[in-house]
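Presented below are the structures under discussion, each in the form of structure tokens.
Here chain A shows up in two complexes: once beside chain B, once beside chain C.
Moving on to the complex of A and B:
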């Protein structure tokens, strides 16, 4: 074994130890806890915690609710980001423009800050409510609709959109430049496409297919978000991370194995999504690694 | 006897204070190829883009078959502009790329299939029908790009240094294939190149772009004898190559 091979092997081992080992270790610990083989209050092997979780509607509601929040917020963010890129592409491509600087600002705020900001804007005693009340549109401040801790997760969606849209706008503008979309559009028009046909047959499919993996990863990211739904969500349904953490930290210690079972199920679910994203044939043909895409430029 | 297909009259274009085209006029005969030589920045690409409708001229008129198309939008001109890079649509395979223009014209599926299959055969691309652009070599991508343009039978094909990114051997092959295919499909072409030899091989007529003005030559002899083309120097260089080494 020469020095080069040794270096490559040692790098791989270090990489695995830093990435796979902690996650894998956590998963094994959670799994063993959930089947009762470890944990101070557990009495030996049992599948009852898994059965409880799988037969409990709150788990499935949480999973569905998380999926709903993720799909809606990512879809709206994609629409907004595409609009920004298509209307301000010249400003975005020029890295020194004000628009490109403004886009970076929301990326600096952590999730908890955005959640607090959304609460201050959309709650019954918040900014919008006060403005509307002062304008005389509402008779009382309390008659302002529930837009925080509400059933449809309005303020959760708002916060997620606020955080994701700038990221997508930067991603799409980089793709626009890198894939020479203006030239492709010119060719399409030269071949007989109207501006609308060029948009729907070339511009949008090229950008969205190239960004497919990143978009899917963002759906996973939003599904797993914790701080925003903790502050702005309802008790029922809860997003999956909030549900798992509440079961883990509640006074009933017998719920802890269920929390670990939820975490295991969620990891399996995410693992399956990642498997289809990275190893299915069709996904590897067009999409490019999000890391490469975002940090190459 | 050939007909005059394209008539360019006094085209001018400036970007801010920089004059790119100055009162450029020429005409192009049907089913013929006009090679345009010129340095970078001499206004060749701008001229082609204006003819394609992808750029607006400041002044001047463009007549296609005696119809004024100066203000007509790009998609209605039936003039195809091709870049130096093949620029295939990355989300479509070879078949779909070539069929793109036909599908826009709502031609029925069987007819599209027949015409694309014939085009693939003419361009020696039959084996690659289901491949994505990333699975093709540079020469193959350029052939698909040609096929995509030729299949809609454009009135005029505008080629902007189409072989500039290819290696010497592929370039030769492409010149041969392109010339044969253009002749077979009777396509009128404007061919922009830096390469003197390529201009002579590809063009029935030759023009030279200098400082925003296009000078066209009546025939190849006039082009060869004009000192401003630099072709005499080129011939002398190759004649005396051994003498130069000594």
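Moving on to the complex of A and C:
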């Protein structure tokens, strides 16, 4: 083996040790724990924990609730980001304008800070409640609606939108430039298309088609959110990461195998989505964003 | 005209969270229904500069962890990514890198907690850095996978053909070309590590306290003023980095 082969091999071993080994090792441990093979109170092989999780409505509610939060927040963010990009496209394309600088500011906020900010704005004793009270609309603090730790996840949605919109706006403005959409639009209009037709037949389809993989990844990232629902969510329904971790950290040791079964299901679910995104015929180069970590820390 | 007029409104919306958190960080009491805190104090900010200040120590520790993680990841992933990007099975290797990238770090940490306890690195500085490597290293590989393209390979091969050995090719040709992407990776990984909460909380088991953990602790203690102060400390470094990132790296990348 020459030095070059050794170099390639050692780098690939480092890669496998830092990527697949932790995920694989974690999955094996979680799976063995969930089927009762290892663990403090486990007495041998059993599928009862998996049956409990799969027949428990709280797991399915949690999955559905996570999906609802992800779809709603990503959809609203796309609409807002498209509005920002189309409204300020000239400023954003120039890349040195004040708008393009402003879009980067929210990227500096970790999820926990956004969650704290949302709580200080929307809680019963928050800023909005105080302003409404000063305006004389509110007679007492309890009359203010529940906008944090509420069933519909209002403040979770607000926080997610606050974090995703700037990222999508930056992504869309880059795509607008890369795909020379202005040029395409001008050609369409010189061939007789109206402004509305150019928008709905050229601009939006090109941007959304190019961004569809990133949008799909963001749905997965938001579904895995942890800190935001931990601070702003409620006990029931919970988002999937919060449900798994709370089951793991409860005093009831019998909940631990169920937590690991949920973790396994989550891992399988993410693996399948990623496989589909990566190897589907229409898949293009996936993009990476540090913002993702803001969600599911 | 309307576009220009709306820019200040947009600016206000974007900077409002910073303004509110800054205001609260100077607050002492905020009785309902007052819109602004009733009393202001410089004490919280002054306390940071005390030698034994807990927040100062936590900030320094967070900086240490983030600098350590970003340095190691930038170095390791730069070379790993080269061999992966030039591999015949590039897409399969990149798929493997995407798995930990897409995963929820907190769930990954939950499944790894046993191993960290077993090798006795749970609750240690090293343990937290190692755990953060698992989520940031794949990210680094993915960033560099765009850099190691056929053009860079062709330039390196040209240098070899013209008589440069592998060290000269790397030092005089590849490294100058990669300065921008190296800095980009370093900054981005620093941010990921700086923002990290769930994984650090589980692997650090409360012994390794970072700024994100402090924010959460202050919120649980219902001390919104210190939570706001810790939040301000969390926002400042990313703002400086993103400014440098946007001002220098993006501009450089456009000229490469």
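As a convention for this text, the second predicted complex is superposed on the first by the 273 of 297 C-alpha atoms of A that agree within 3 Å, B and C clash if a C-alpha of one lies under 4 Å from a C-alpha of the other, contacts with A are read in each partner's own complex, and residues count from 1 in each chain.
By our rule, a residue touches a chain if its C-beta (ideal position, glycine included) is under 8 Å from a C-beta of that chain, and two chains touch if they have at least 3 such contacts.
From a predicted model like this one, the values you see are computed outputs, not experimental measurements.
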Taking the superposition on A as described, I'd like to know which of chain B and chain C A:278 touches: first, second, both or neither. second
Considering only the touch criterion stated at the top, classify A:180 as touching first (chain B), second (chain C), both, or neither. first
Have a look and say if chain B or chain C is in touch with more residues of chain A. C
Touch check for A:188: first (chain B), second (chain C), both, or neither? first
Going by the contact rule set out at the top, does A:197 touch chain B (first), chain C (second), both, or neither? first
Do chain B and chain C touch any of the same residues on chain A, and if so, which? 286
Along chain A, where are the residues that touch chain B in the complex? 179-180, 183-184, 186-194, 197, 201-202, 205-206, 209-210, 285-286
Taking the touch rule as given, give the residues of chain C at its contact with chain A in the complex, in rising order. 3, 6-7, 10-11, 14-15, 17-18, 20-21, 24, 32-35, 76, 79-80, 82-84, 91, 93-108, 110-112, 114-115, 133-135, 137-139, 141-143, 188-189, 191-192, 194-199, 202, 212, 215-216, 219, 224, 227-228, 231, 234-235, 238-239, 242, 246, 250
Enumerate the contact residues on chain A facing chain C in the complex. 7-8, 11-12, 14-16, 18-20, 22-23, 25-27, 29-30, 84, 87-88, 91, 95, 98-99, 101-114, 116-117, 119-121, 125, 127, 129-131, 133-134, 138, 141, 162, 217, 220-221, 224, 226-227, 231, 241, 244-245, 248, 259-260, 263, 266-267, 270-271, 273-275, 278-279, 286, 288, 290, 292-294, 296-297
So in the complex, which bits of chain B are touching chain A? 52-54, 73-75, 78-83, 85, 87, 89-91, 100-101, 104-105, 132, 134, 148-149, 152
